[in-house]
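Once you scroll down, you'll see the structures, which are given as structure tokens.
Next come two complexes, and both contain chain A; in the first it sits with chain B, in the second with chain C.
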Partner chain A sequence: MKPGKEGRRPGFPGSGTALALGAALGAAALYILAAAEEPGAAFRAFFLSPFARPTVLANLIEQAAAPCLCALGTALVFRSGDFNLGGEGQAYAGGALSVLALLAAPSLPGPAGLAGGLAAGAFAGAFVALPSALSRRNLGADVLLSTFLVSQAVVLVLDWAIAGPLRDPASNLIATPVVEAAYRLPRLAPPSWLSFAPVLAAAAAVALDRFLRSSRRGLELTLFGRNPDFAVSMGFRVRAYAFWPLLASGALNGLAGALLALGANGRAVRGMTGGIGWNGISIALLAGNDPRLILPAALFFSWLETGSRQASILAGISVDVGTVAKALVLLFATARFLGTARRKGTA
Partner chain B sequence: MNPVRRSWIAAAAVLALFASCAKGPDDSSSRPAVPAAFKGVAVFVPGVVSGSPIYEMLAAGARRAAESVPGTTFRVVEAGFNQAEWLDKLAALAASGEFDLIVTSNPALPELCAKVAESYPAMRFFVADAYLPGNPAIHTVLYNQLEQGYIVGYLAGLITTSGLPGANRAKKAGMVIAQTYPTLDKLIRPGFEAGLKAVDPGISLEVRVVGNWYDANRSAELTSSLIDGGVDVILPIAGGAGQGVLSASKERGTYAVWFEGKGYGLAPGTILGCAVLDQERLVRERVGALLSGDKSLFGKADVVGASEGYIGFDPEGDAYKALPSELRSRFEKALTDLRTGSPAFRIDSL
Partner chain C sequence: MNPMETLAAEALAIALPILLAALGGLFTEAAGILNVALEGLIVAGAFAFAVAAEGTGSLVLGVAAALACSAALALLAAAAADRLSANPFVAALAVNLLVAGAVGLASEHVFGTKGVVPLDGLLSPRVELGFLSGIPFLGPVLFRQRGISYLLAAACAIAAVAYSATPFGLRLRALGMKEGSLRIAGVDPRAVRYWAYAASGAACALAGIALARSIGAWVPNIASGRGWIALVVVYLGRKRPAGLLAAALGFGLLFALSNAAQSVLSVPPELVLALPYAATAAAALSGGARTRGRTDRG
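So, the complex of A and B:
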């Protein structure tokens, strides 16, 4: 049972994706032309300077890792026919719990502690997704709404907790205490923040791709997502497919949050996820929910972010340029997604 | 060719093209540990400049200092309000290789600067409104905010015990704060309370916490509840959320004192006094000294206050001028006494 060409998800190769990428870069270029005192310097800063220094390039790669994991979670749930809008809260919970677990166990060996912290983060993300998964499986509830609502509640609770009972009283930052240095992501190329996180994200992408394309369960999941009635008639384990993809998606988001917390900051800072759940959705849409394209899409997003930051530092351009570009990617990718869905609906 | 493979190859080609087009010097970490002279000054604003007097003064003071040394690169970089992003952005500034002195202002910044300094040993930092002694890459100057709190506290004490139309007999003052943090807990609040008690030991202080720096509706609700409880003068330390304090106080006819520069225009008739910091002068002087080669400042954490003129009061507001002359005389005497060391507020550590 191999998916044919008609089963291929729209991704980079499609013209819609080119439009989204072009719109993002075009918007960035127009913004720079309108706002820069020296457009030439601003163009170089935005488009080229992220590649000019090894440290900046390494940071660009590092910051693509966590959104990549979130996007993989989005893509997995999408394959099951649902949409997880709760990435933000799941990642936030993952970051917070990974730190709390490591603060509670300060004397573990470093690698074991780090692995435990990442596992705790994945568990927390899955736990936040659990109510939505249960209600989806048992009651047929709308995951789109429930994941979003639960996530928002988690964000509010964690904002309060980090500013209140979990806060480091010795710090002027609104943040938890810092975990032991041995529990933090090891830096592979100082002074950059580059760690093994991008490798982990790439491995997750490969594993998800292999699962979806080469395993029986993966193919059944895809069929269930496209036509649940057909899946039932074929005797697939539909209750499981309505449950665990969302849980796994939550775990990937939680793992992303743990990577953020145990990276440069080494603590949970209020607002630490900074829209990563939404960026994950944008990246997944841009990549057409194809795990093979999600890492390059995440790198593209990271390039936009790094470019806007570099333009801000080197040419005085507002960092809003990156935000505008990413928003356009989301807009065009969503329009393409809706167009595809509509065509399928009328076919 | 498989379209996915084609995409990967295209992405790799673009990456290689950009990497070959982009030319830059080696990372700053490979530079000598201590630069002979600073070539670039970056002002790192943990927020945005516009609308924030303290950051406007920070940028203006650093700019003037940088302009006094020809050939010095100067840039103001706004990092936004999300504290979680500040470390990355500060590190990006260091990694750019364009600057070797970063100037900033916020009590939370020294710990982030110290972390960046570990990775970029050639970088130097000046942090105003902060305190961190002993780090050889960082010079900090803390305003004696015990004194700053005392100034507005003393005025608030005079207001709540006065016969002003909006004052009552309850002898209660309030603070609406965005959140608790060490500088507020250890300096601003004790200073404010000391000012109130210096006027009348029977004055009590009520404190409410908004929970963030932006929710003006929430702060307005808290203000109304304070006023219902008998509070007639409030000190907001809440950033943008302070607007809610002003609007609710204006609506109820009570008063506010202001901590963050010249703010009379924000709520005419409601704000009766403003403590001010001369941050522009401080930054201009200290950055100027660093640019002129005074490396001895690094590692030092100074505390400055009213006696040196860095902390003061703005007497030019119409609402202040309209206060009864007896009240103003008492307040101005207390201000003069403070400048001459009475009472003396010492800060040995934070």
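So, the complex of A and C:
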């Protein structure tokens, strides 16, 4: 069950992206016009206030890092010809295990502990993706469904664990205890939460881009994703390409979850991933699965989220307007319009 | 009713909305399109029904609104794919997200809350079907259900017959197998594809209505993953209506057992809810749903 290839399509290149952005911003603007008591103030709150104060802007950039990593994982699996719908559970597991590992090892030096926590997060994400990767490679099982279902089960089990045996009884939050301050992401520009996470995300994007565009394995992976039969006939390591991208994607999602947990929260909070897996998919699609465009797309999504939150606080606009805007991005992200003929076989 | 009868009756009641949504998924699947929007279409149908039926006091208008809303959303995904060459899978994912956001916005405006809304008088009553309800075991299980369950069973039967034994179903399957054969027969494949989406939306709308009427309330995220499970049912059932029935009943039994475990053994609800997903995942991981060709590969 492969979800589609983004090869050369009829229509103007980039027209889908333009339509997606236009639809998202247009919908937000229309809703604000219709629902806001003071549309001018709501417009300013939604569209401009994220840039009005350095702290808010810094938080916007920080907030883009984790979804960016998820999107890179999505793009990698997409190159191998499939979709990883389990980002949510993989990120949640990453966040939870990073915290648990650091709670269990309280005497490490700060940087080593932080690195270990992030590694534990990446491991947890990969571990959640492992059954799907194995069954894809060995049985040809459907990745799209299996990643989603495993993720859903993991999310529910973690919801229970964080509310139950792992919960910090001294906290009003449904959350684990807080990790040592030395293990948390260092804040580069207090009072904002800006950390090195955006740099890490950018580095991951560059690395993935180099791998996909400049390495033989990257080219083989892309060819395998586009035409598995051709890859087999060329003697490529198809079993490896059916396995490792999904595992790496899980690791990236887990790392994203660890960044969330060890950042502002400093602990695993129930439901902390809040749709990050779906956002990662939307961002990857908006960027056309091009690692070079994924960080800008993540920043755009972060702007939408920050804007809707600011508009909710400052102008009483529902935060759901951000969700609708993101849905429209997703709806039109892969579209091509104003072109000539449509593809056959798609409706 | 004894515990076994209660368990079986609950399993059937849980299975029917999943089965109908799965039949809706089968319509598009047969046409070669993976419609992952089933979850959103169920929620949209339930919400539209709640708004219209609560607002007008008319069940008929509620049902009409639900059918129109879910079918329109399904057609939106179809049009995005057909007119704008968007990826059908992605467009369907977008419908799920769109429904999540739009329902939240609309619920605040219509009901003044994003939470649970009781629907006065819309709880479907239990209906005993005369002497049939007295048949040992089968009577309590099959013929003492809520009224909406009988309607759902009828809708499932109609959908199954439409798929298996009508020109509509034949065209769907022909579209999925060899689009060119439809053209040779003088049938417009695009029209068939749109009809498949619309029928899928309508089936999910009815499933959503059933969920709302079985509890007499609108509940956010009322589908609770049933749309995704319906999608799995399509594969586990090998894309045959009888297979879908068996798979849906299996899931119904699993959910019913989970509920029983929760009440009898005091198992935490999160773990109970995780069980069906874990079982479905095990089925999918063991190759119950295999990668295969479809038109949304592009």
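FYI, the second predicted complex is superposed on the first by the 320 of 347 C-alpha atoms of A that agree within 3 Å, B and C clash if a C-alpha of one lies under 4 Å from a C-alpha of the other, contacts with A are read in each partner's own complex, and residues count from 1 in each chain.
To be clear about the criterion, a residue touches a chain if its C-beta (ideal position, glycine included) is under 8 Å from a C-beta of that chain, and two chains touch if they have at least 3 such contacts.
Since the structure is predicted, the reported quantities are computational estimates derived from the model, not experimental observations.
**Q** Using the superposition on chain A described above, determine whether A:Thr74 touches chain B (first), chain C (second), both, or neither.
**A** In the superposed model, A:Thr74 contacts neither chain B nor chain C.
**Q** Classify the contacts of A:Gly140 with the two partner chains as first (chain B alone), second (chain C alone), both, or neither.
**A** A:Gly140 contacts chain C only, not chain B.
**Q** Touching A:Ala163, do we find chain B (first), chain C (second), both, or neither?
**A** Touch partners of A:Ala163: chain B and chain C.
**Q** Of the two partner chains, chain B (first) and chain C (second), which one does A:Ser171 touch, if any: first, second, both, or neither?
**A** The first partner, chain B, only.
**Q** A:Ser302 contacts which: chain B (first), chain C (second), both, neither?
**A** neither
**Q** Just to be sure I read the superposition right, which of the two partners does A:Asn253 touch: chain B = first, chain C = second, or both, or neither?
**A** neither
**Q** Counting touched residues of chain A, say whether chain B or chain C comes out ahead.
**A** After superposing on chain A, more of chain A is contacted by C.
**Q** Could you look at A:Gly271 and tell me whether it touches chain B, chain C, both or neither (first, second, both, neither)?
**A** Touch status of A:Gly271: first partner only.
**Q** Return first, second, both or neither, reflecting whether A:Val150 touches chain B, chain C, both chains, or no partner chain.
**A** second
**Q** Share the list of chain A residues that count as touching for chain B in one structure and for chain C in the other.
**A** 11, 159-160, 163, 318
**Q** Which chain A residues qualify as touching chain C in the complex?
**A** 1-7, 9-11, 16, 19, 31, 35, 82-83, 131-132, 134-136, 139-146, 148-150, 152-153, 156-157, 159-160, 163-164, 278, 281-282, 285, 318, 320-328, 330-337, 339, 342-347
**Q** Which stretch or stretches of chain A touch chain B in the complex?
**A** Spelled out, the residues of chain A in touch with chain B are 11-13, 44, 47-57, 59, 63, 159-160, 163, 169-175, 190-193, 264-265, 269-274, 290, 292-293, 296, 299-300, 306, 309-310, 312-314, 316, 318-319.
**Q** Under the touch definition given earlier, write down the residues of chain B that touch chain A in their complex.
**A** 3-4, 6-8, 10-11, 15, 18-19, 21-24, 27, 29, 42, 75-78, 80, 82-85, 87-89, 91-98, 106-108, 111-112, 115, 119-120, 130, 179, 181-183, 211-212
**Q** Going by the contact rule set out above, which residues of chain C touch chain A in the complex?
**A** Counting only chain C, the residues touching chain A are 31-34, 36, 76-78, 80-91, 93-95, 97-98, 100-102, 104-105, 108-109, 114, 179, 190, 193-194, 197, 225, 228, 231-232, 235, 268, 270-271, 273-274, 277-278, 280-281, 284-292, 294-298.
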